[in-house]
Each structure stands twice: as C-alpha cells, then as structure tokens.
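The two complexes that follow have subunit A in common; it is paired with subunit B in the first and with subunit C in the second.
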Partner chain A sequence: MVPWSAEDGLDLEGYRNTLLPPKEIFFPRWEPMLRYSGWGRNLRWEEVRAPSAGRPAVLFGVRPCDARSLTVLDAVFQDDHPDPYYLQRRRAVVVVVLACTTPGRSCFCADVGGGPADERGADVMAAELEGEIRMWPVTDKGAQLLAETGWEPDPGGRELLEQHMQRTPTPAHGVPAGRYPEALEGRFEDPVWDRLHLPCLGCASCTYLCPTCHCFDVADETSDGGGLRVRGWDSCMFALYTLHASGHNPRPSVKERFRNRFMHKLSYFPKRYGLLACVGCGRCVEHCPVNVDVREVMKELVSDVQS
Partner chain B sequence: MTEPASLARSLLEEGRVEVVVGYRPGTLPLRARPHFAFSPEQAAQFIWDRTCTPDLTVYLPRLKGRRVAVFVKGCDARSLVVLLQERQLSREQLVVIGLECPGVVTPDKLPPEQYQALTSATVEGEQVLLRGGSQLERVPVEQLLADPCRTCQHPDPVIQDYLIPTNCGRREREDPYGVVAQFERLEREERWVRLEREVADCIGCYACRQACPLCYCPDCFTDRFQPRWVGPIWSTSDALFFHLARALHLAGRCVDCGACVRACPLGIDLRHVYKRLEQAVKERFGYVPGLDPEAPPVLGTFRPEDPGDFIK
Partner chain C sequence: MSSPNPYLPFPAVIEEIIPETDSGDVKTFRVRFQDAACWERFRYLPGQFAELSVFGAGEAPISITSSPTQEEILEFAVKRMGRVTTALHHAEPGAVIGVRGPYGNTFPLAELRGRHLVFIGGGIGLAPLRSLINYVLAPGHRGDHGDVVIIYGARSPGDLVFKWELDRWQTREDVQLYVTVDREHEGWHGRVGFVPAVLEEVAPSSRNAVAITCGPPIMIKFVLQVLERLGFAPSQIVTTLEMRMKCGIGKCGRCNIGDKYVCRDGPVFTYEQLKAMPAEY
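Here is the complex of A and B:
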C-alpha cells in the first residue's frame, strides 16, 4: 500500500491485491518502544512511538480476505494484554474494503469461511460495479467517514453486489477448512509431517506475506551509552525463533518449524480464538519460492485422517 | 512414463537410493516444484521441462549421509560440485542425474498483472502458450528465459552418472558480464543509490539465503548477537549490509543459478553484484567455481603466485 493523493487518480485496472498485506500499516516491520541512556542509577528512559502511530488514515482497496485478517489480528492484540501500538493505529484508521468482483486464481477465501463480498473487518464497503465505484458504510466509523467526505451512502450497492456475485465464480478449491482444528487432534507426531515439510526451504516469505502472521521479537538497538528498544517482525520459520539461551532448540529442523506453522494456523489459534488463522488470500501460494501450496497441505492433512 | 520418472523408478526399485529428488508439476502456471520420491510409485510424478527452475542441490546438505539421487541442470551440477569441494556431501552417497539444459523460463519476466491473470501455461518447443480464462497468447521462450540462462557457459552438467539429453536447440550466449559493465558505467554515487534502491523493499524474509544451495551455514551471521550484524531496526542499511555480506560470502562460490532472484517475493535482483565477484575471482585467480570436485576452493587455499596487489 502506498500513500495516495488526489492528483494520482484511481486506476483499478488489473488490481487483484497488494503484495504485502495491510498488517504492515498496523503492525509495521519494526517500530520503536522506548529510548534509554545511562546505566544503573543513571539509567534514564522514555517511551517513544513511531510517527505513524495514531495518525489518522483511510486504507482504500483492502480486499475482503485482508479485512477479515484484521479481525484475526484484533483477537490477538486485544487479548489479555491489549497492545497499545497496534490498537492505537487500528482506532485511527478507517478501512475501506473493495469487494473482489474478479477473484484471483490462488484465492480460496470461500473455503476458509470468507467470501469475495465479505464485510467483516470493513468500515466501509466498496465495489466496482458497471464501471462505477459504489460505497456503503458497515460501521459507525465508516458512516462518519462517508458523511465527512460528503459521499452519499449507497444502500443499493450491496444488493447489486450480491447479484453480481451470483454470476461470479466462487474463490474455492475444495480446501476442507471446516474440519479444523478437529482434523489435527493428536497429529503432532504424525508421520505426515515427515513428508509434507520436505520441499520447504525454511524462509519467512510465507509468514511475512501472511496477513494474519503476527509474531514479533523485542530487541535493543544499542549505541554508545544507550539505545532504542524496538519490536519487529519475527517468523516461526527461523531457527532463531525458538533457540534457547542454553543453545538447545526445541524446533531443531525445518520439519518442526513447518509443523508449528500449520498447527498454529489450523489448530492452536482456532482453539484459542475460535478463528482459523488463514483467510485464504493466496499470497503464500503465489510467492513460496518452491510452491509449497497451503491448499494442498490442508487437503492432505485431512485426507490422511480418512485413510 | 517420462524418462525422468522411469529412471527414478528403477533406481528406487533396485534399491540404489533411498530417495530421489526431482521435479513435478506445480500448482501455478510455469512453476514446476521439488518432488521427493521414496517409493517407485512416487516416482511416476517426475517431469523435466523448461519450468523446472529450482536448484534442488539446496536439499542435499539436509540429506547428508543418506543415499540420494538428484536431478541437476548445468548450473545445479556446478553448485553440487561446490558442495563436494567444501566437503558438505560425499560423492558415494549420490546418484547424479544430469539434465542437458536448454535454459529455464521464469514467470518473473511477465508483468505481475499478466502473470497473476494466467490460469495455465505450457511450453511447446520454443513457444510458451499462456492461457488466462478464455484468452490465449503465444510468446517465444526467449522472452521468458531466466537471466542466468542467457549467458550460461555450462548448460550440460559437469558431473553426472546418468544424462537426460535435450532435444531443444542451444541459443547463442550473451556476454556474461554485460550486467556488470552496465552497472559500472554509472558514476560511483549513482551506483550506491541504485544498490540502496534495489534493496529498499527487502523485508528480511531470507528467501534468497534459504533458496541458495551454497548458503548452507547452520549459523548465519544474521543470527548472531555478539556482535549483532543486522536488525532489530530493519533499515535500508541493514538490508544492504545483509545482501552485500551474503554476496561476499559467495565470492568464488556462486555459480549463477539464479535461485536467489527467483525466490525473492519483492523481486530484488543483485545478480550484477554476484557476477562482478565472479569476474574478479576469474581475473585474479583464473578460477571458475563449480567445475572440478577435486579442486580446492579458491578462497580456501593459497598459492605463492596468487596476486597480492590488493594488499597496499
């Protein structure tokens, strides 16, 4: 996503989705938390926030899968330790969702409980129908935005979109998402992981491009006599992620890391929050360097149960 | 059954190897993917065509000590040679199936919007048929050829136990250091600006490092804390430091397989940097990596006649 100004105009021709998901707006690649100097009794510190924190903004063109990913992230960042960094941005940003009138080849939102016209996570819903952008509010925040910008709410748009959707192929590939987390009960030591992990290179392109992955690390950027404490993205695909100070690593190889990624998305997360941590955006499918396809992994995990 | 499949099948049936690492069709147009066959039945899926881009030797250090058969193109054979030179594998554990390579195609050569709109694609001789819904377009293979293939000097595997020949014609090789010359024509400041701009989008996912068969260190410098070389602030200077340090570690080793460029989700391409290092090693030491498994690694050895003019 890039800053937009009125002179830029709006060209949606060929737009399917952004390469990076909108999570970076709310949960940036890295951000400062506090600055410190001195040692011992002379230690001084102050809380710092990134300039982007709390700056009002409108996100336009977020796809329904990504909007739904925000509801997944909300569950985490509003949990027992509400996260001020994320929540401050969430409050300040209005999300305008653009319905997918032509879904992409790797999209499988409909398999994982979403859909190309899903309004969850949207403040305002928009759709490009018959060459025109139609918009209608979903939340009060969205209604306020439309009122302030003088845009006439368009309740007929929703109905028109529904009619259009009946003529549009559903972004589904028969991924049996409804069978999780049950399908993964007692599967931690299943031999299926020995096979499934094999092609995985152990990079973080899937997790960094994933709209719901939200792991972070907190570390100090030190300089003479002080430093900056920052938090930044981390990935469960890295060996360092679980490396203990003793040198022991409970997830010593790609197999354990790969298993954790899928167990977390399809089992641990749904058990804790009642939501799958996959919204079917297809980014990991499109960008995995070796074409590890989450849709196939999910199908195999279920078919193995049946056999 | 295809030739790669029947060969793999017989190797498994005869118990010559435990596993065969090759290619099978992927789930995206123009993208074959790695396939691991442990049984003769699993061997049926193997293919070999111009969409078989991944360098499969990246998996070999993980399979150290096991009897493995691996499919290698010209460049992959050279990375295998480097792995052997550096004692990461033993030749005895391997059955090497060489693929005479006419060059591979990469979807990176299509504008992203066009690639994303494709539903399928097939390579037919020197043409690629691209299908997007009801639309059909034919483009020459030449247009989609990966950059390293345009200058490849060793399309036939330098090491192999079996050879699967190609029936495709060979193309004229372009100047391997054309990308270097193009970059070096720029002013010093401009070169720096270009490097910074190239890595500015880097998100630090390390897909380039993980896809590289020669980035096999179990403990990468990026994972070290004392001192900490990159992060936790992920700035352009951190990204540039990572990429340039990785390039230096590949000097005299990189075989220009192109895996790092293809792996990058952001499309970062530092091939000109790697080619410059390759050129420097060639000029100074007369050494080309990945040709002789018995040769000592160029930067791991010293000869009295080695040029020393860089020590001032």
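Here is the complex of A and C:
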C-alpha cells in the first residue's frame, strides 16, 4: 500500500496482492497511545494519536481476502471495550476492494469461506473486466465516496463479475472448509503437533504478514522529561510473548507456540467470535522461510479426524 | 465517539505503603483516585484485577486485595518480580500511579451464598483471597455464609503477608484461622507444616462447602489432591490464575488458555473449568 496521486496513473497489470496486508493502515506496527510527563507527585498523562490517525483516505485495490480480514479485526477491536485508535482509522478510511479475476498461486480463500469476488469488508467493490474498471457501492460509506467523486454506480458490474467468475479457476487447494472449529476439537494433545512444528524457526514472519494477526505489545518509551506509551505488533511465535516476570512460561517451546498459532486461527478464534481467523491470502505460505504451509497443516488435522 | 478510551488509566495517589514481608519483597499499596468521580467507573467485586501503571516502567495486572465493602480506597499487594513491580516498590507515598479496570470476572458470589467457605492460601496468593474474605466477613454479608475456614501458609514467618489482617481475623469467633509456616523457625510458636498437610489435618467437610485457593503452583497441585480426598467435587473448588497480560481487555492476545482469555473469562476459574482447558498455564 503506497500513497497514490492521479499523475501516477494506474497499471494493474500483474498485480496479485500487496506484500503487507492492509491491517497497518488501521493498526499501525508502531503507534503512540498516551503521552506522560513529570515525576512522582507531578506525573501527568494524556491520550495521544499519531498524526495519521483519523486522516481520511481511500484504500484502492484491497483484495477480497484482506477486506474480509478487516471483519476479523473489527470483531476484536469493536467488542465490549472498543479500541478508539483502531476505530478512528476504520471510520476515516473507505475500502475499495478489487475482485481477483486471476487468482494467485498460493491463494486459498475459497477453502476458508471466502472467494475472489467476496464483498465482505468492502465499502466499494471494483473489478477489472474487459479492460475496464467497474465499481459499485457495497456500504453507505462506499456510496458516498462514489457520489462525491462523480463515479456512476455500476450495478451491472456485479453481474458481469459473476459471469467472469464462472469461467475462472477457484482459489482452493482442497482444504476442507466449514469444519472449524469442530475439526480441531480435542486435537490439542494430538501427537501430530510433535511433528508439524519441527521445521518452524519461530521467526514470526507469518504473523507479521498475516492480515488477521492483531497481537500487540505495550511499552513506555521515555525520553527527556517524559515519554510515550506505545503499542507495537507482537507475535505469539516469540518466547517473550507469554513469559511471566517469575520466569515461568506457559508456552515454553516452539511446539506450544506453533500449536497455539494454528489452534487460535482455526479453533479458539472461531469459538469466540464465530469467524475463522484465516482468510486464505497465502502470505504465510509464500514467505515462510522453511515452507510451513497452513493448508497442509489444515489438511493434516482434518484428514486425521476423518480416518 | 463518547465511549472512554479503555487504555487511559485513572490517576491515583499512593497514600500508604505497608511492607508485608521481612525481606521487603511484598508491599501493600493503599491508593485513592485523584478524582473521586472515578469510583463511579471503578465498581469492582472480589476476584477482579486492575492494570497498574508506573509511567516509564509500564503497566502490570495486579489483583485487587481490598474489598469493595471497605471505604473508598484500593489496596494492591505487590510482589517485586519484574520491571513494573520493581518500579512500584521504589515509589513513595504521594506518588501518582495509573489505575485501569476493574477487569476480569469475579469470585462466584451467587454460588457462595449459603455455603461453608474454605480459603486456602500460600504466600502472596492470599492477596486475591483477602478481597473475598473481607467481603464475606463484612457486616451485611457474614450471614450469607456458613463456616469460614482460612488456612494460610508461607515459607517462613517473615514471608507471611497481611500479618495485621491475620491478627484481626484471629480475634473473630466466626472465623477458623490456621496459619502455618513450612519449617521450624526461631521465635515462631505457631503451626509448622506445608499448607496441604494442614488442610488434610483440619479436614474441613466438603458438604455444602466451596474451597477457594490461590498460591504457588506446587501448593495448588497438592491442595487439589487433598480436596479431592476430602470429597470436594471439581465444581466446588475455585482458584484464580495469573498470566502475562498487556491490555487486560482481550485484544493484545497473550493471556489465552485455549479459547479462554484469562483477562476476560478469568482470572477466576473452577477446577471443573480448568480440567476442560488445555494445561497451558
């Protein structure tokens, strides 16, 4: 995702998806939350926002998998304790989703309940069809954007996209869909984890590239006379993530952390929020340095159940 | 737009710091909100915790050891363990700290009504139990429960916390208090023995009773065995867990045990619930 101006033109040739998911637009990798100053009796603090917070923007070309990931993040940040930092950005940004008329090699959105024309999470839906960008609104916010920019809503686009999709291969790899969290019931103690985790280096590339991963750390960064309380992306793949001050660690080795990552996405999160925390974007598959493949992990867990 | 920022702590002043242990590794902090209006937004019940901020060091989840039946003051018994708790131990009365909360569930107050209560604590584990003990001993509440048995132990007399409170409970006729230390100690004329052994000796009846326990994992392990021998069903045993936390409100991710977040679904769990959760705590 980069800033764009009209002079840049728009060339979508060969565009599959961005390296980083759009989550950092709403949940930056580093973000100030509070500012403090003074000491002892004279300590003061107040809420702060990054300069970019709440700045209106349009995200163009978000892929349907990533748009759906926003509904996963919304579930976390909108619940009983609404997160004002995330929600301020969410309100200010309009999401224009570009349907995938040619799926990428690691895509498996259709395996996890999505699809290349999925409109969930989109404000405006767009598709490049017959050499032309067609756009139609999905939400009121999207309709407003199109009205303000003088773009004629194009309801025919949706139908044309559906026709196109019937001729396009489905981004699926035979991962059994719709069986989570049930498929992982009772699998916590399964010996399969002893084997599956072995190649994992615990580098956390998967979690940083994941559009639904939302774990964060909070730290105070002090400089002269005051400082900032900031939050930054954290990862369940790191040992420090769960390390108690006492030295005890409930997830002491890669095995427990690896298991927790997959159980969280496929079982714990669906149980809590009714949503699978994997949207099938394939980033973790593409970029894992040791070829851990979430699709293979899912197949393994589910096929074991069937046998 | 008007919902408050859940990460913004209320300013509170440390009014008094009470050293609890001889080594000084546990201190009780009595704090009061700078703005009395904060009390309206900080209505808590026994079992809940707060996020305490020492700006510059960070924030840590600490159980509330005071009872909501007390006057408008909050008490936190803090063991010096990491960065935040060490910074807190360096604070002096008058210093301002941040308090967010209350967070987490509470002890199952409705289920405790009409029951005999057996409290089993070890070391700093008495802190969360004390909130409930003083709640049930409060004038309007004592009649809601049967016997109140408290078994509390620490490694040595110098490691016992809330000695001033133990003395107060000791004088009450409606409380059976057993205080023990692990080994003989010069000048100690009280009970000697591990908490689980004392529990076995006292042998409180499990009939219409609930056991509430908190302490080091090794103590909990043997306490559970003794309670089962005494006929306590897993649903009659209640404990409270600790986990590394940042946000306290179910977002930062790290305090999960299976699909449960200790910050939201806990910290109080029955042994029955724990048995259904992965042993990852």
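Heads up, the rule we're going with is that the second predicted complex is superposed on the first by the 305 of 307 C-alpha atoms of A that agree within 3 Å, B and C clash if a C-alpha of one lies under 4 Å from a C-alpha of the other, contacts with A are read in each partner's own complex, and residues count from 1 in each chain.
Here, a residue touches a chain if its C-beta (ideal position, glycine included) is under 8 Å from a C-beta of that chain, and two chains touch if they have at least 3 such contacts.
On a predicted model such as this, the values are computed, not experimentally measured, just so you know.
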| item | value |
| --- | --- |
| Superposed partners subunit B and subunit C on subunit A - clash or fit | fit |
| First (subunit B), second (subunit C), both or neither touched by A:V58 | neither |
| Which of subunit B and subunit C A:L201 touches, first, second, both or neither | first |
| Which of subunit B and subunit C A:D293 touches, first, second, both or neither | first |
| First, second, both or neither for A:M165, with subunit B first and subunit C second | neither |
| First, second, both or neither for A:P250, with subunit B first and subunit C second | second |
| Partner chain in contact with A:A92 - subunit B first, subunit C second, else both or neither | neither |
| Subunit B versus subunit C as contact partner of A:D217, first or second or both or neither | both |
| Which of subunit B and subunit C A:Y36 touches, first, second, both or neither | second |
| Partner chain in contact with A:V230 - subunit B first, subunit C second, else both or neither | first |
| Nearest Cα pair across subunit B and subunit C, whole Å | 8 |
| Set intersection of subunit A contacts, subunit C complex versus subunit B complex | 217-220, 231 |
| Touch list for subunit B against partner subunit A, complex | 26-28, 31, 33-36, 54, 58-59, 62, 113, 116-119, 203-207, 209-211, 218, 223, 228, 231-234, 259, 262-263, 265-266 |
| Residue ranges of subunit C in contact with subunit A within the complex | 3, 5-9, 11, 13, 53, 55-60, 81-83, 85, 91-92, 94-96, 98, 217, 242-244, 246-247, 249-254, 256-259, 278, 280-281 |
| Interface residues, subunit A side, partner subunit C - complex | 33-34, 36, 40-43, 45, 47, 76-77, 79-84, 188-189, 214-220, 222, 227, 229, 231, 234, 236, 241-246, 248, 250-251, 256, 260, 263-264, 267-269, 271-272 |
| Touching residues (chain side subunit A, partner subunit B) in the complex | 14, 16, 19-20, 29-30, 104-106, 195, 198-199, 201-205, 207-209, 217-221, 228, 230-233, 235, 238-240, 253-254, 285-287, 289-293, 295-296 |
